[in-house]
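Structures are listed in the sections that come next.
Both of the next two complexes hold chain A, though its partner changes from chain B to chain C.
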Partner chain A sequence: MSDAQDRPVVSPRIDVQFDRPQRRYQAGDRVVVRYTIDECQGDRIHAVEQSMLWYTEGKGEEDLGVHMFRRVADPAMMPPRAAVGDFFAHLPRSPLSYEGLIVKVRWCVRVRVFFEGARDYVSEHVFEVGDVPPARVVHMRST
Partner chain B sequence: MNASRTNPFSTRFTRPGRIAPLDGGGEEVDAAALLVRLAAVGGAAAIIGPHGSGKTTLLGHLADAIEATGVTVMRVRSRGRWGATNVLFALVRAGRAATVCVDSWECLGPVARNTLPIVARMLGCGLLVTMHLQSRLPVLARCRTTAALLERICMTLPGHDAWYGTVITPDDVEAAFARHRGDIRESLYELYDTFELRSRTVEMRRS
Partner chain C sequence: MRLPRFFAKKRGHRRTGSREWGVVGDGLFHGILLAAGLFFGGLLISGVAAPEWRINHDYVESRCTILAKGLAKTAVQDPSGAVSTTWQPRLRVRYTAGGRVYEAWSQGTSAEATTDRTTALARLSRWILGSQTACWYDPTAPETVVLERGYNWWLWLLALLLPGALVVIGGSGLVRVLRAWGKSEERRAASAGLAEFLDPLMHPAPTAPGHPAVPNCDDLVNSPGTILRYRLPIESPESWTLVGFGLFAVLWNAVLLVLAVGAGLDLLGGKIDWWLFVLLVPFLGVGIGGVVLFMRNLFLATVVGPTQVEISDHPLRPGRRYDVLLAQGGAGTFRRLQMFLELEEQATFRQGTDTRTEQVVVWRSLVTDCRDAAPAPNARFESWSVMEIPPDAMHSFSSAHNAVRWRLVVRGTTDRCPDFTRVFPVVVFPAEVMPAPIAEQRRAQTEMAG
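Moving on, here comes the complex of A and B:
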């Protein structure tokens, strides 16, 4: 068995930094993201997919919209030990982030790393768009 | 991800495919053994069990396992007025040596349920279905649920160390299971609501 097969699979570390540390944006704002991929155990990165999307989260059917997507597969941008990249997108007018009881709308940045040998790893980082107040629990009084 | 706001009982964490199929005792299902059994019964069989007992989860898992062996798999949901037609098209398109996986087989009419297995056999195509009650197809697996299974599922959900035993207690899990008579899906929906209300109440008190 080769060394590569003996070695335990460790997830890479993907650090993402937003241009606003609070990760709060408004519709139409420009979101700038910088990411670092580390601890790849020497595995060569084949490609990186950068995306910005919203999705619903709750107890029913789910919905999702990809606002921005880019696949980077240039070997010159894929050093073996660490990869650094950045991307940006202008946010649309809707949907805004919402913290509902039965459904939530979340915006996030996803960085997906593809290693040579078919292994891949996804890292997701949520940010907020708009100022919609979260839903509040209302206790109904029976009459 | 902001884990404190994420409800671990959301569909994205509990939908079929996200949780490995577990048997009634909470142990992982042996997919390889089931595939051997499927081959032994001629490639056509049914997964049976009541609502919310994990049939779709197991079907999806077995479909993935079959696909991993290099066999073409077509997945069909038989609900809706075109259910039987969709299954028939899938069988014809899939052809010899492929397997068609059909969820909610009981939604098809009796004529389709009797005819389609014959069509599959004539085409040399495998057929794996989920249904509530036993039919003419041999039974591959019977899904059953227990409170221990629901508890085990809770332990696989994200961040369970932070909320299990505090926001959601073992008593909540047992009560949800009993209230929904073993329907895991409905129990998870109830636990979603319980989690949401309690975590928000705590947040409101803090603010």
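Moving on, here comes the complex of A and C:
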């Protein structure tokens, strides 16, 4: 989610639904996402970005790889006129979701809403790709 | 209007800086570099390059008579109070420009200036009083005349290289910042290309075709094995230590040699610089120490003998078994020779101004364990084994700051030498994606078997 300071005074509510309620997928699967944007409280939205990506978490600096990205800026497709949107993507062969000790790989869907006045709000929804079990420590060293 | 905060979210024990302020600082830094490059470039071009270019292109040729000779002395005092003096040959000449006769001191080129008065006098002696020679005068100011033309390439290089580097670094950084301004991180990541060109260091090594974030393994399959299909390349940290010691020994002793030659020449000239001699003693000690350290490491690296690992296939896949051959050369007996298959996580992060890397081994399996291994004369010790990648194993992963790496690690214990470790990286691809009907059929078979 965006930082508190980046949020508009009233944050919109973005609900995301996956085609699989457990949000578990395998490499190559098709992921279908449907989202609704509510409670904009009169703030005008001028663009919505839909993306499907992986990012790293853990001790290292964050890296991310965008698998699917679409920016919708057509006024006819903006809330409140069109509060519902959907998109889909076929997952690549890699990377798989991974729960390591100092490196974690997570897949997520993000819906980012841009308001007039350069403010934005992002809603992130994590899902799993693959069945890799969590890692455990064997030996640690630092340089 | 509220200003962005200096600190954003907290990552573990560390706070990350505000992205907005980071972008502002980045832009400011590159903007200053660009401005400095343009400023100094402008100064050098207008002060040195342009006048020289005009002399060679715009000045009009004429004939002149040399009337007098002299040396122009320029003394410059630096902030510490030291004065540096340059000497430049100058000639008073008579020449005709635009139908009028002029008498003027010639302008010397920057290439003629020297700090050695004797050299300047020698250059001046080439000109003979009363003789006639070619000259070039400025058509816009005919009293400005030169007797020699040409370029000072060092100054041109300075004019182009130093400010040019500042302009390129500052300009590319500024373009990168401006391109990213106001864009979400997803949009920036999705529109890579120019960003990768502008900042290639921020991006990881090439990935395997069709497998995002999985490292390319072309370098691991370009060497055939003697028995099995591929011989794996070694990634030994000891080799880099050896290279480091070697470089240090060479560079340090090169500096030492230069100082020693200077001191020796002084001594021959009857001058003794005691401070230099006192300085040379510890320098010599460090130089000898560097060479000894390098030779010791070289001996340890070569005395054990080469380790080779061959594998039946590559890249590896989860759930599959592979033949592995461990071959160890060298003399004597290895009390223990072990080979492990390891999975290591590696994270790179910044802590203040340091860039730190942390590694954690999260999975390890013993592949080979040999005791009292003794290579026969003129032959190598060989141990054949089979290893399996777990079916649910994580594949190799590599991004700019994070990695999950598979590797075969050989650890040896000998009677005469210290223990050694040699690392052979391998790449594990994700399990092959099966079309949905086959996957369902497999699942059904598994359930029935269960």
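Convention: the second predicted complex is superposed on the first by the 124 of 143 C-alpha atoms of A that agree within 3 Å, B and C clash if a C-alpha of one lies under 4 Å from a C-alpha of the other, contacts with A are read in each partner's own complex, and residues count from 1 in each chain.
In the analysis below, contacts are C-beta pairs under 8 Å (C-beta built on N, C-alpha and C of every residue); 3 or more make two chains touch, one makes a residue touch a chain.
This one's a predicted model, so the numbers in the text were calculated from it and none came from an experiment.
On the superposed chain A, the two partners chain B and chain C do not both fit; they clash.
In the superposed model, A:D131 makes contact with chain C only, not with chain B.
Touched residues of chain A, counted separately for chain B and chain C, are more numerous for C. By the touch criterion defined above, A:L101 reaches both chain B and chain C.
In the overlay built on the shared chain, the residue A:G60 is in contact with chain B and with chain C. With both structures placed on the common chain, the touch criterion links A:V72 to neither chain B nor chain C. Of 6-14, 78-86 or 114-122, the segment of chain B running into chain C after the two structures are fitted on chain A is 6-14. Within chain A, the residues touched by chain B in the first complex and by chain C in the second are 58-62, 101-102, 136-137. Contact residues on chain B toward chain A in their complex (touch as defined above): 1-2, 5-7, 9-12, 15, 188-189, 192-193, 196-197, 200-201, 204. Of all residues in chain A, those touching chain C in their complex are 3, 5, 26-28, 49, 51, 53-54, 56, 58-67, 69, 71, 92-96, 98, 100-103, 105, 110, 112, 118, 120, 122, 130-133, 135-143.
The touching residues of chain A, when paired with chain B in their complex, are 55, 57-62, 99, 101-102, 104, 108, 124-126, 134, 136-137.
On the side of chain C, the complex with chain A involves touching residues 2, 4-5, 8-9, 11-12, 182, 184-187, 189-190, 204, 210-214, 342-343, 345-350, 356-364, 392-395, 397, 399-404, 429-430, 433, 439.
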